[in-house]
Amino acid sequence: MAELLQFVFSGLTVGAIYALVALGFTLIYKASDIINFAQGEFVMLGGMTTVFVTLAGVSLPLAALIAIIVTTAIGLALHRFAIEPARGASPVALIMITIGASIFLRGVAQIIFDRRFHSLPSLFGGDPIKFGGAAILPQSLVVLASAMVIVTLLWLFIDRTLLGKAVIATAANRLAARLIGVDTRRIVDFSFAVSAAIGAIAGVLITPIALTSYDVGTMLALKGFAAVMLGGIGSALGAVIGGLLIGLFEALAAGYLSSNYKDAVAFLIILVVLVSIPQGLFGRTKIERV
Amino acid sequence: MNGQKSQLIVYDDGGSADNARTFASRLVEEDKIVAMVGGSTTGSTLAMIPVFEEAKIPFISLAGAIQIIQPVRSWVFKTPHTDKMACEKIFADLKARNLTTIALISGADAFGKSMRDQCVAVAPNAGMNIAIEESYGPRDSDMTPQLTNIRNKAGVLAVVNPGFGQGPAIVTRNYRQLGIALPLYQSHGVASKQFIELAGPAAEGVRLPAAALLIADKLPANDPQKPVVVDYTRTYQQKTGQAVSTFGGHAYDGLMILVQAMQRAKSADKARIRDEVERTKGYVGTGGIVNMSPTDHMGLDLSAFHMLEIKGGDWTLVPGS
Amino acid sequence: MRTLLETRLLPAIVVAVIVVMLPYFFPSAYYYRVGALVFIFTLAVVGLNLLMGFAGQVSLGHAGFLGIGAYSVVIGPVYFGLPSWLCVFVGATVSGAVAFLVGRPILRLKGHYLAVATLGFGLLVAIVLTNEASWTGGPDGMSVPKLALFNWQVRGSDAWYWIAGTTLVGGFVLALNLMESPTGRALQAIHDSEIAALVLGIDVARKKLTVFVISAMYASVAGSYLALFNGHVTPDVAGFLRSIELVAMVVLGGMGSIVGSLVGAAVLVVLPQVLTIFHEYEQALLGFILMVFMIFLRRGIVPSVAATFAGRRK
């Protein structure tokens, strides 16, 4: 029994990481229907920038803040210089732009930072919490808790604030939103900035567990997609549940079946979900107008 | 060298075997090289070998797998210790401590997989019984499921982790997280200070086989390698500001073996250079003392590896190795 | 002369001329190698262009078919004793079959759902190739036995230059014919509006599947040639970055432009060779090019150049 509990703890640890990454996709998608492939790079930038700023002698909290600000600025720049000019392009073209952006950011990170692995200190120390014969790191609980907090904040924002309603309006029909006085450009700016910030925060929090390097972005983004597809794109709660579920499936597969094909679990889930319930667990089916 | 300036042409293949092959072609056809040192991964080395064999150019590889020099290829040599040697060294130490039933947890990357295959192959001869095997992806962030299975397997006395990159650091941390008290052995793939930094306090007591380069200042004064490794360490740290790693050491050895061979050959003739590389005897390098022969194109034996243990955040020499 | 310029096979003739004339400028075998590589990748890109540029679908996992073709020419000869040239066809058939099986369910999807589904497919192929080491040699890959044609072992970059070049011309002819056929016109209609095409009575699902299978087979043959030429194959050939490179080649050259496929492949194959000292900047440059083209030059190089000339003539 203790071993099942350990597998569950492992699943929650990894799943919380995926959940936090997946949350970053939600707001941009909600505001503009774009899937931002560069979201993984925001996570990488959060972690790597913090590492390098601390190496320069700055204290950890300040370094993390700097990293978050820098990443948010990059998210904003991504929208202003790469997405905005291409407004009206097909979804595929926009996906290609974000893929290009992710490769670009990774290439630049390679040059500015380095190609080695780095870690950050955990918030509450590295001693594991023992429970029922299994052990979980306190940092895992921190990641899990942050995911929950962000989901709640996002929900409150979308549901209870005027700005949140403006985001929904922008996504539903851009022209109509502008006609009622919503500055749609600013709204999408804002969504990119916030998503980048969420990514950076994720990066800072998961580095003590998963380490970081210039190329962690790709795999994280891919697992993040799987989480978002499973949970339903556009649903913040779905992103978290999707992430946790994928983490659990992976851990159970590694523990009980073969550890070799663990990675395949996430991508198999993408295919199965897309073929059967494309809108995911919590998403809504889109109706295409002709 | 020999009264002529030598020219070094450097290409970075980015770890891609395809690119390596194209650059190899370029070096042979365009740059008209007479000798080659390189190929840091087994994949890129294997991709380049046909090019250099056909052009009859001596090629000193910097990759780890044993199939680069076994079967012996006339024009191909290598400097790093083979993964087979690493397994043998680890098994010898385990045998000496009477820990003959072990678990393997290996990375699915090329290095980890290759070494795992070698360990499985040499285990029976070394008197080792591999009771359980697990593996993890190179990008995984939590290996506690696999380690839990290992911990629950009855009779396991020690754990060996063939792997490269961040995986072994995470395995080591997870090891401590689960409170597993069995001895843990890492591979020479993590032979750098960075591993100790990343694994943190969990690295205490971990053993691994490594070249003398890592413990330059702790070598006994009469060790023939001491002057070479101390000098290399000092120069490297001065020039780059980073701690040495055995990978740089292998490249250094490859270059120096080539240079000395060319000096002995007193010519730039490719065949003569190859013959002299094969005749390398008593070359004291960062990886060990190299004695090549027509049947041994690596020239290192088990004495080139020292068994190290991590104590107090630093490398220490395990007595008697 | 006019009819020659207006024939639909003009691009194929242009490519044939290029293939024949280029070697006069080659100082050494290295250039034959680069040329052969360009032609091999162009073959894959032509197939992908039919799918993306012409039919308007997207595939972010196309390197998976490259991988199937590449490993067919290793596994066939080594484990089954089949001759290499036969394995090229076997690989294409297997790729086609896989494309048929996978395409049926996922081609129903649109936009980013289709993109992510193809992405997942490509990644799964790469994972299988990496893990099934007893068949594929694992992450380090395997050596590929040389191609033997009529008792002559094909070796040397110049031989491969001609093989790849002639296959490419053939591939062009096939693609151009497809584009002008009823299927081709149906695909264009589907690209413009799937619903309208459905209304017109076009079997949209079947046509999409057809072009998906064809593009998979193009990629497979290219993959087989790549493996035979290089003499060694690793699971990277099916990797995510490879898929993105293929898409970048399509985008660069011009989506829907068959000649553009050659331009796109040429730029991206030659780029790392030119950038040697600046190798570090290669990734950043690739990403940058992709972004710039998709934002400002969405039509790609060849259509943009063609449009400028067409405008001038008026």
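In this document, chain identifiers A, B and C correspond to the written order of the chains, with residue numbering beginning at 1 in each.
In the analysis below, a contact is a pair of C-beta atoms (placed from the backbone, for glycine too) under 8 Å apart; a residue touches a chain by one contact, two chains touch by 3 or more.
Computed from a predicted structure; not experimentally measured.
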Pair exhibiting more inter-chain C-beta contacts, A-C or A-B: A-C
Centroid comparison with chain C (C-alpha atoms), farthest chain: B
Centre distance in Å when chain A and chain B are each reduced to the mean of their C-alpha atoms: 37
Euclidean distance of C-alpha centroids - chain A vs chain C, Å: 32
Set of chain C residues in contact with two or more other chains: 131, 280, 282
Interface hub residues of chain A, defined as touching at least two other chains: 260, 263
Shared-contact residues (touching 2 or more other chains) in chain B: 108
List of chain A residues in touch with chain B within their complex: 3, 6-7, 9-10, 13-14, 17, 116-119, 126, 128, 130, 134-135, 137, 206, 209-211, 213, 216, 219, 251-252, 254-255, 259-260, 262-263
Sites on chain C touched by chain A in the complex: 52, 58, 60, 105-106, 109-113, 115-117, 119-121, 123-124, 127-128, 131, 193, 195, 240, 244, 247-248, 251, 280-291, 294-296, 298
Footprint of chain C on chain B - complex, ascending: 11-12, 14, 16-19, 21-22, 25-26, 28-30, 42-43, 46-47, 50, 54, 65, 108-110, 113-114
Complex contact set, residues of chain B against chain A: 108, 134-137, 139-142, 144-146, 148-149, 152, 165-166, 169-170, 173, 176-179, 194, 197-198, 200-201
Partner chain B, residues of chain C touching it in the complex: 28-30, 33-34, 37, 130-131, 133, 138-141, 143, 155, 157, 226, 230-232, 234, 236-237, 272-273, 276, 279-280, 282
